[in-house]
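Residue numbering begins at 1 within each chain, and the chains themselves are lettered A, B, C and D in the order written.
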Amino acid sequence: MSLIKDLFTNWSVWRRPGYFESFDYSWGMVIDLDRCTGCEACVVACTAENNLPIVGEKRFSENREIKWIRIERYWSGEYPNAKLSFIPMLCQHCDQAPCEIACPVSATYHNQDGLNTQIYNRCIGTRTCAVYCPYEVRFFNWFSYTWDAPLEQQLNPDVTVREKGVMEKCTFCIQRIREAKDHAKDDGRRRLREGDIQPACAQACPTKAIVFGDRNDPDSQVAQMASDARGYTVLKELNTSPSIVYLRRVDQEHV
Amino acid sequence: MSANIIGVYQYADDLLDAAGRLKASGFDEIELMSPIPLHGVEKVLGPKKSVLRRFALFGAIVGGVGGFLMAALSAIVFILPTSGRPIVPWPPFLIITFETTILLGTLATLIGFFFSANLPAWKDRPYLPAFSDNRFGVHVGCDEDAAEKVEKIMLDAGAEKVERVKT
Amino acid sequence: MARKKNPGSKLSRREFLALVGTGTSVMAGAGFLTAKFSRRPVEQLIPYVVPPEDYIPGVAAYYNTVCNLCPAGCGITVRIREGRAKKIEGNPAHPVSQGGTCALGQSGLQVLYNPDRLQTPVTRRGERGTGDFHTVGWNSALTTVASHLDKLRLANRGAGVGLLTGDIRGHLDDLLIQFLGLMGSGRYLQYAFTNPTNLYSANAASFDTAQLPYYDIANSDFLLSFGADFLGMWVSPVSYSRAYGDFRQGRREGEDKGPRRQRGQLVQIEPRMSLTGANADIWVPAVPGTEGALALGIAHIIAGGAGRFAAALAEFDPPRVAEISGVEASTIERLARSFGDAKAPLAIGGGGAAAGTNGVPNLVAINLLNHLAGNIGREGGVVFNPKPAFGRTGMQRHGSYLDLLAFVEEIADVDDGVLIIAGTNPLYDFPGDERLVRALQRIPLVVGLSSFMDETMQYADIVLPVNSYLEGWGDDAPEPGVGMRVASISQPVVAPLYDTMDVGDVFIRLAQRMDRDMQRAMPWPDFHAYLRNAWRRMYDKRRDKLDYVDFDAFWTAVLEAGVWGETRRASQRNEFHAQVDYEPPVHAGNDVDYPWYFQPFVSQGFFDGRGANLPWQQELPDPMTSIVYGSWIELNPRTANELGVDEGDILEVSSPAGSLRAPVWITQGIRPDTVAMPIGQGHTSFGRYATGRGANPLSILSAQVDSRTGAFAWGATRVNLTPTGERIRFVKTGGWSRTLDRQILGPRSGETQEGGDHG
Amino acid sequence: MSERGQPSYQEVNDAVLPTMTTFTWRYWTALSISVTVMIFGFFAPWWYQLFVGVGAAGMSRAAYWGTYLGNFIFWIGLSHSGTLLSAVLHITQSDWRKSIYRSAEAMTLFSLITAAFYVMVHLGRLWFVHWTVPIPNVMGLWPNFRSPLMFDVMAITTYLTASSIFIYMGSVPDFATVRDNATGLRRKIYAIMCFGWRGTDREWHRLGWAYTFFAVLVIPLAVSVHSIVSWDFALSIVPGLHHTIFAPYFVCGAIFSGTAGIVTVMYFLRKYFHFERYITEKHFNNLGKLLLLLSLIWSYINMLELFTGWFSGSSFEIEALRFKLFGFYAPLFWEMIAFCAFLPLVLFSEKIRTNFRLMLWISIAINIGMFTERFLIVATTQPRKFLPDAFSFYMPSLVEIAITIGSFAVFTTLFLVFVKVFPSMSMYEVKETLNLPTRKGART
């Protein structure tokens, strides 16, 4: 009964698009393609931080690999004027994510930090979210993977090891965000500061092409860089409003 | 002390004729039994009322409202925003509502049927197997002393045979 | 304390960025140490039988140490949970890595936790090369070796003892030299396929400093790179990448963004597009080995017929250079003009340019460009490091390919010689001639110090398992540094997994098992003690300059920061001593039977092959092709048409020295007269992940050497290609390689993005 | 009906009742074969897949949906024959329905069950499938009713319930007939199954009403079900799936394949149960016309879909289209066009419509075509989505193929059991179509 009352008294709240008027934090990323060299350090860093499985050659050949962040490469032009461009592709944490609506059991949803989260325990593996995702950044555990001993000693205790039949994807290293929040609380701070958190990929990036931060904070580096003239979002016409802004690589033929 | 008399007919028109006569001579407890739905029974025994419609309507309404509430309330009891949509969006929830409407409508109709046709009947009732094959029958419940009269009417109307069954 | 989340608070980072690269700000050498890093001193890292009193379950500790997967010597920070290494991160305090890591560096954990690690000493049972070993205890293994050495030494035949290592710098180097000295032997050679031997001697010739210079890329605004894949795995990738980022888009640090100067421009000159080529604004495919001519051609235009090189450069007018190098004269002029006009132009030579028979002349020619631009010792130019605080520059021990051969053969010739091999695998990254193997076979006692039973260890008699770099002690003076004195300490971040020792410990233990003099000469209980002493000596020299109460404070501070240095720069005058001349490259195999230049290249994942046993590296898509688990040969589409082959068709690649089979990868990024193959796969014995996978291009290289240094010229072989008719499907992540005009790489410059009502 | 004069009520019973009690060797072989195939083709591979993970199937990155969902659509589609058709024809009071609708509805029921099986086969973690059911729980966690898949769950549950009620209530009077002609245990069972039906005027009257209500409710339901199935795909933004036309497209295709399915079943009933007198040219003729109409609509919508895709001119749609029409699976596509768009055109000729054998083959061909269509919908769209670097390819694995074949056995088995439990032709309604035995009628 009280629920029904709630439903009608707060009707306007339940009808508010996106529900949140504003996120506590709006974690975002800016990736400067003019700095990115495609060295793939981020890929291994992510693998190490998030316990991504070693799938082996056979599985890999079947496209069953799991890489939360990958480098996509696109050629343009012909020899000798061929150009190769790299673009790191990871979960865009869209504010209007096509994937979230798809899940029948709410295993993926948008949390208060503006993160597009994936709840492994809740997932039943319909794989609908992956089909709906235009960026191909959701990965499915087709099997339960194992580590040759003693490789499993490296596994990060802060991150679950996913079992077969579960969908997974980039979390913006949510375990680091949680930890940072705890420490902030211990230090008596109510909010996190710029630079408290770095996801594994941003941390490893040797050229500092990946910048992570809170887009709500106008002084934050992401907020400022996102307004760069070179800024754009991938597949904007799909209107998914991603949290990741890319800065176009400068093409400068004239030398 | 009452008697149950069943008349067996080969022809449907004889049956209706018999039913007419029995009614005319003041017997109310008349049941016709046939392998197929008979037309024109109302003409003889008067129109029938059925609560079935109300069941169906009621079920459908309950289903509709209940369906929407289920969707809406379950959405607000554990708030999981998705895809920048409202927590309680119309289009999806109307689909849910539609489905539940149909579901409960159907079930209510089923219950309504059992109720109004007073089925299921677990204990035997006046009946002869032939009625599911190719014979038509009429069953009258009356007082012991009126029994002969009933049998006479039935035979006059061309009954093949008349039986007294006990219940 | 250990509850520190991110190593590298802003404060420290700002300090180091002030220090590094700009070179203008001068700061007390102790500046490094004031970094607010909380690292528990390593003494408290004890196995769990004795839990440390301040050990907090579920809380991560961070330890700074040094990565030694490649010679760059990046400082790294290792995250420890419950005594297990969980994650390797760059040490923001370290001027070389500045908080970044490369893909290979991240995989260091899999060196530590590799399932195929050697866990106990083993001795050979069967024939050499058969890999038939059985385990023995440390005691017997050490005693065997020690007694053998002792016998030789007492008989004054210790000169027959040789030591072959990879890149070893710092005090371990000293220890080894001392040990050999006591044995009465000077036979000590460092060999690694990737040693830039030619660069050393070219610099020695041009500027008479036999050093790897520090290229101040960050502050240059026009970068002319001759085959140097500095964004790939060349010399010091992380430091170069870091600089590259700033070179493109200016310094990026939260606080001091610095003036947004003009975006630096990169021109990459190489026959096969490397990672650096892909990132270059212009990629100039020149004929392999002719980079020198190109450099001289550019110099010719810049010098404009004046100066002391006028005569030497006279003949290198654009048309001739164009004819030699296969680059249009117009392009050459364009490059020369931009190089001349640039405020801070910089020329880098390496990789393929240095891997021909004419490597040194090429590099000298490239040095000339820097000289003409007045780059030496200048910001945004070529900065030579001051003499390191300890150890020597690599040049003095680095052996070229010929040296190595001679070295091993000499030891084979002396009767009962002993060869001790540590941290190098010449049988893999060595051209496919049998001489080395034959020599090895003749040596009576070959002792190997290694973590893995790699190709070379198959030929050892005794293999002693050594600590991985995350379990052991050591120190390092990174080379190339950052134009100033940097010294970093590597400390054990986890207790050794198995019954293993540091290389240094092995020699100390050996000495202790030998006669009295040896014992007296090497009195230290273990290598850690030796290291401490060495640093104490350093500390004593500088006691007045460093503000620490005593050495222990200093030592703890260094362990916490993981690095120590002085900002004083070496002064270097812009003088050029070498004779410039162009020497045409000589390629093995005539161009009729072997129509294609063969260019092996160091792969991103495996470096010189040492990364091949790390599953993460095996599953790391190659940056240019996205291929994993295997090797391939890169062909220009035109070449593919000539041969009538398509992607995945397997080719027989034959050179005068041998042949191998590899599947075709068709790419726009390579000259039609050149084919290229990645180095790193094709191990015959290197653990479950690497063994028998792909092919090793080095195995079919002819024994070409540099005309001056005798360095292995791995870019100087020609090959022939014959289709086999077989084909495979590549294992890779990438699908299609064109954008199909989709909104992926962003709008063209000038345009802004349309579509969608959100931003 | 047939020119050999009308069968009497008695004959109707004698024609139908034996089909439930007599077990020919042909029946036993058919049953044993289908059961074997069901066990080793369907359940064994499924068990294996549960054990190792969905990786046993051929799906992979980009192509996260495969044959399973293709088959799911197919079976749901097939299910649209019976209930919908029988309901529509009941409302429109076309008598020729009465001899075939029972088996048609059975088809609906069983293909629905098979489809439901596929949902479970598709799941990555079957053991948590109950999380899609709105059950109150301590966590306060409910399914996400905004998800198209939840529409599915609701729709299919409703449809399954409604159509099983529909078929059961329709056969209660016949159960009574069976009871009256049976003895012993069988009699007792059917006595329960028919709720003690006596065929009184009151019961007939109520049943008539209830049945009409069911029919009225089921028609919009059936339409909604396959629209919802289509929305699973159309609500994604995948090029080639994201079409407004999808719902009508699916519904029409569903009825199309369903009707073809009826023709096939009709043929076999007629042949092996000797219903020659009740299932006649007339039925084949009418269904033939229906098939023709549906195939024309289907072709039209199909053209429309391809056209809008092409006309959009967006790189995504064009590529998806190109891959569908000329890519690896192009042969299948053109086979589908041939079977579903061109072949049915021959039904313009009444000769062919009334030729039983030909009708059988045409109906089978149509369903092969429709099956292909459903496969193509999943197999050709996902590998060509948005990022070319992620373009991939989908090829079913052995497990998927085995399960596909096995699912047909599941359906057959259920049907073979059905014909022995239910009177596969509605006796009382067939009797209705005969003229009533009256004294007048007897006199003349």
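Just so it is clear, contacts are C-beta pairs under 8 Å (C-beta built on N, C-alpha and C of every residue); 3 or more make two chains touch, one makes a residue touch a chain.
Please read these numbers as outputs of a predicted model, since none were measured by experiment.
In terms of the distance between Cα centroids, subunit A is separated most widely from B. Note on interfaces A-D and C-D: more C-beta pairs are in contact across A-D. Taking the mean of the C-alpha atoms as each chain's centre, subunit A and subunit D sit 42 Å apart. Rounded to whole angstrom, the centroid-to-centroid distance between subunit C and subunit D, based on C-alpha atoms, equals 66 Å.
Distance between subunit B and subunit D, defined via averaged C-alpha coordinates, is recorded as 30 Å. Note: centroid distance subunit A to subunit C, computed from Cα atoms, is 32 Å. In subunit C, the residues touching two or more other chains are 733-734, 737-739, 742, 744.
Multi-chain contact residues of subunit B (touching two or more other chains): 75, 77-78, 80, 82, 85.
Multi-chain contact residues of subunit D (touching two or more other chains): 62, 141-144, 146-147, 150, 386-390, 392. Viewed as a network of touching protein chains, the structure does not reduce to a path, ring, star or complete graph. Chain pairs that touch, as defined above: A-B, A-C, A-D, B-D, C-D. Interface residues of subunit C facing subunit A in the complex, by the touch rule stated above, are 3, 5-6, 9-10, 58, 81-82, 84-90, 97, 99-103, 105-107, 109-110, 112-115, 222, 231-232, 237-238, 241-242, 244-245, 248-249, 252, 254, 263, 265, 267, 273, 275-276, 278-279, 281-283, 285, 334-335, 338, 497, 604, 615-621, 623-624, 626, 628-629, 636-638, 668-672, 688, 729, 731, 733-734, 737-739, 742-749, 752-759.
Interface of subunit A with subunit C (complex): residues 32-35, 37-41, 43-45, 47-49, 54-55, 57, 60-61, 65, 67, 70-80, 82-87, 95-96, 148-151, 153-157, 176, 179-180, 183, 194-198, 200, 203-209, 211, 221, 229-239, 241, 246-253, 255. On the side of subunit C, the complex with subunit D involves touching residues 733-742, 744.
Within the complex formed with subunit B, the residues of subunit A that make contact are 3-4, 6-7, 10-11, 13-20, 95-101, 103, 106, 108-110, 241.
Residues 59, 62-65, 72-74, 89, 98, 101-106, 122-128, 130-132, 134-136, 139-144, 164-167, 235, 238 of subunit A are the ones touching subunit D in the complex.
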